[in-house]
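Reviewing the structure listed below.
For reference, chains read A, B, C and D in written order, and residue numbers begin at 1 within each chain.
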Amino acid sequence: MIQITIIQIDNYGPWTVTPNPRRESDLQALQSRLYSDLNLQFGAHKGLVFYTRFDNLMAITNGIDTETHKRIQDSIKNRYPFTVSMASGVAETPYEAQKIATAKIQNKGSAQDKYRTEILDIEELDNSIENTVTLAHVDINDITGTLTDLENAYDTYVSVNEVHLALIKELKKYNAMGFFIGGDNFMAPCNGMTEEDFLEMFENIKNSTGIDLKAGIGIGKTAEDASNMADIGLELIRDKKTATQVYTLNYEEYAVGNIVNQRTLGVNMDCK
Amino acid sequence: MIQITIIQIDNYGPWTVTPNPRRESDLQALQSRLYSDLNLQFGAHKGLVFYTRFDNLMAITNGIDTETHKRIQDSIKNRYPFTVSMASGVAETPYEAQKIATAKIQNKGSAQDKYRTEILDIEELDNSIENTVTLAHVDINDITGTLTDLENAYDTYVSVNEVHLALIKELKKYNAMGFFIGGDNFMAPCNGMTEEDFLEMFENIKNSTGIDLKAGIGIGKTAEDASNMADIGLELIRDKKTATQVYTLNYEEYAVGNIVNQRTLGVNMDCK
Amino acid sequence: MIQITIIQIDNYGPWTVTPNPRRESDLQALQSRLYSDLNLQFGAHKGLVFYTRFDNLMAITNGIDTETHKRIQDSIKNRYPFTVSMASGVAETPYEAQKIATAKIQNKGSAQDKYRTEILDIEELDNSIENTVTLAHVDINDITGTLTDLENAYDTYVSVNEVHLALIKELKKYNAMGFFIGGDNFMAPCNGMTEEDFLEMFENIKNSTGIDLKAGIGIGKTAEDASNMADIGLELIRDKKTATQVYTLNYEEYAVGNIVNQRTLGVNMDCK
Amino acid sequence: MIQITIIQIDNYGPWTVTPNPRRESDLQALQSRLYSDLNLQFGAHKGLVFYTRFDNLMAITNGIDTETHKRIQDSIKNRYPFTVSMASGVAETPYEAQKIATAKIQNKGSAQDKYRTEILDIEELDNSIENTVTLAHVDINDITGTLTDLENAYDTYVSVNEVHLALIKELKKYNAMGFFIGGDNFMAPCNGMTEEDFLEMFENIKNSTGIDLKAGIGIGKTAEDASNMADIGLELIRDKKTATQVYTLNYEEYAVGNIVNQRTLGVNMDCK
């Protein structure tokens, strides 16, 4: 089971143009700082936030309770010129979870209703063993050599966005989701998907865009644990230590020791 | 003529995984803060930055000289765990300008060459009358009523990204460029394009995605002047004061008074 | 028992002038952002950080364990051009606690030893009932009417600093500590001090500086709980609901309900 | 002539406790971020800001005009939950300049008048040769060896604050001002003061506190130019290249080349 939180700036559209349109460089600074802060604040509790549309963000929040959400919501009100609403959903798949979360927010009123502010409706997961996050870190093979150093910046950007759109649509077929995290990287909460699903999906994307992908898949109790595992998987693929371009690591099973040791020792070890 | 600057984090890929993969929430906080800071610092000189891929950013920098670029480059080095390279190009169209800028950076070595750091190669525009920025602020009609309040958050996000990809590909045909700026908004540096081009482009996008777009187009000596004009144009369209869903305002011609007065008086005035 | 953490930027002095002195406005931006981030990150776990000297900061960290300290230390390394060392001490009084913490850091080498980096030596408190923070929020009476609106800004600033120095020296006599938190406000971790101690101390400061002080004193399991109580105490004094200019509230005893209710209902209630 | 700007958060005291006291770690994050941003934004125009009391800040703003102040004021409104007022004064000495600036703000109403918002009253200096900033960078000798590595952190902090108070009071005698900038460093706008004044002042402070100070003094058209010169002076003192513990450099006279070269070559050159 995965827990997904939706974060929505309250009545933001009207604010951006009241009393007159606000300077765009300020809005960009404001929105990206909100995203930065949310990552630090959810990250303090091993969550992970995606910018999505900047005014509507999504987070993986397994292990993060109502009180912690409330404290972050307060902190935004205390430091920003607007407030945010938050709702979470819990489900077998990420897509189902966000659907539940969205419905909760929508039921309380419109995103541009000025009387609907600071909704807080958090469904929490209990601590049982099946409540893990599955998270894939998807990466383009050798973007530096094939695009960044070769093509002009805009063409590279268009290519990355072609992959992005293909990926987020493909993932939806599996009730998973995908988000851009910078460079040539994407993160996909994907509970329920298999390595074979990824290989098939990458095949499709390769056919439509000509671009090769690889993915480390991590499983863990929190977004951070899963993400760390996914990163290590990706490094193992890079180091040609894996059979295919997709590789899964489970935090609980991962070596007998713990991740702290692994990090110290480096990843050049037998993992499975 | 428009001046486009490319900003590239030096040798960033290797850094993110040395000595081991860094926590993803920290990387997201770091990258979005860089974007925020660059907008404040270029914004202080009326420039505007787009996040593009977060490790490779683009800015409209008409009116911003080499020394100012150098000062921002120094400031990043003084506050971040990495350095950035910057190059600008100047051309009749945005696409051509970024092509020149990219080539300058690529000629100095790979994005992942650890000895290639802090490239600075800025071509500046002189002050003459033809050196203006044309910038469109493109917006989806009633996204709140048709998507945000109705569909689930992921589906809305997929729809916005479909528009995004369609738009950035269409714009390229005109040697223009497009960037997502949050919500349902896009900005397009588009020197050389006409209102008719936009109407035609929107028609195509409507056909392929089913989504209606509108655009304020601003012309001014700097990105900020152009952006302010585009925003006012957009408000006029919203207020049904215009014949079509595209409307252009030129900073120099805009009323006899100046923008400060307009902002005070509000935009509900005759503009043309 | 109180837990105090010392945070020291590693080898910072040499960095500020290598290879040449760095721009001062950047250093100010960098240092204050570090302070801001540390407050958000420790604040996420109900801690509170004081800027102290900006390169050496102090935090009240009751309830915050080694792993959380380590995660914050990593996050700084992941986002800043330097690393930090951290050590905590635990004692009956704040002054004793910081002494222990300082000794731990000093024993590992000089603040300007380039090989001594990322020390982490955290002594944690267990969860027992006596492990509370006592924290006073000290405030100047009517600074707006007597200084800010009347004197020039520099003279007001000198006056506030006179109070500051007098206060931090007086507090040391009680093995307590004091920190400026902006405006006319000071926070004093002060386990072991009584209301009478404060009244006597304020008398001395009034005699030497002519300035009247008041203080809410809060007691709680964490810095945040104590701080919230201190703030409520201060509001009660402001509302003339208390007999003297010092008033103590204990989080555990505070009303039968909980603080969330109080906050909702406002503080205009009987509290004791 | 020096130009000093006062920046005051409008009606901030009441906001911090409405509807109930806000979490202190958030307020610390908010205030220090404001300070950080103001340094980046004034710094973009070669100004320098001091945190002073965090709700009332001071900046050296030679060369920064009304429009730039207005743009920064707007940017704060666009990104913070409050607004700021700004006024500048121009005079032969820093103390006189801030006095003028304070009076302008006070004349418009109280700092806690909710109807007095976003005052903007900027007196600008023209470009003539005599309009330079004199700025001293004052530093404690070997604080690392004598205090940081030896004493406990609180005692070191008390010592630094003793120096701070002594310094800001002494400087006032010369119509100069002093501000803490972190570590063991202070900055003093000090137009009109001589090296002898500094030596005498340091003698007095040594007698009262036992602590040895040194100062680089810089003269330049902007705070940044002056600050850079002061820093280089300080390095020359550190390198024992000067006769006394105070050394002045003037940006205009400084070598025949320019500062960029100097920075590249390092400071180990003949300077006068």
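Keep this in mind: a residue touches a chain if its C-beta (ideal position, glycine included) is under 8 Å from a C-beta of that chain, and two chains touch if they have at least 3 such contacts.
Because the structure is predicted, anything quoted here is derived from the model rather than measured.
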item	value
Touching both subunit A and subunit D (chains)	B, C
Label of the chain whose CA centroid is most distant from the centroid of subunit B	C
Separation of mean Cα positions, subunit C and subunit B [Å, integer]	42
Rounded Å distance between subunit B and subunit D, as computed from the means of their C-alpha atoms	35
Whole-Å separation of chain centres (CA-atom averages), subunit C against subunit D	24
Interface hub residues of subunit D, defined as touching at least two other chains	23, 26-27, 29-30, 33, 37, 40, 43, 75
Complex contact set, residues of subunit D against subunit C	6, 12-13, 17, 19-21, 23-33, 35-37, 39-40, 42-43, 47-49, 51-56, 58, 95, 98-99, 101-103, 106, 110-112, 137, 144, 148-154, 156-158, 160-162, 164-165, 168-169, 172, 177, 181-184, 187, 223-224, 227-228, 231-232, 234-235, 263, 266-267
Partner subunit D, residues of subunit B touching it in the complex	37, 40-41, 43-45, 68, 71-72, 75
Complex contacts: residues of subunit C adjacent to subunit B	22-23, 26-27, 29-30, 33, 74-75, 77-81
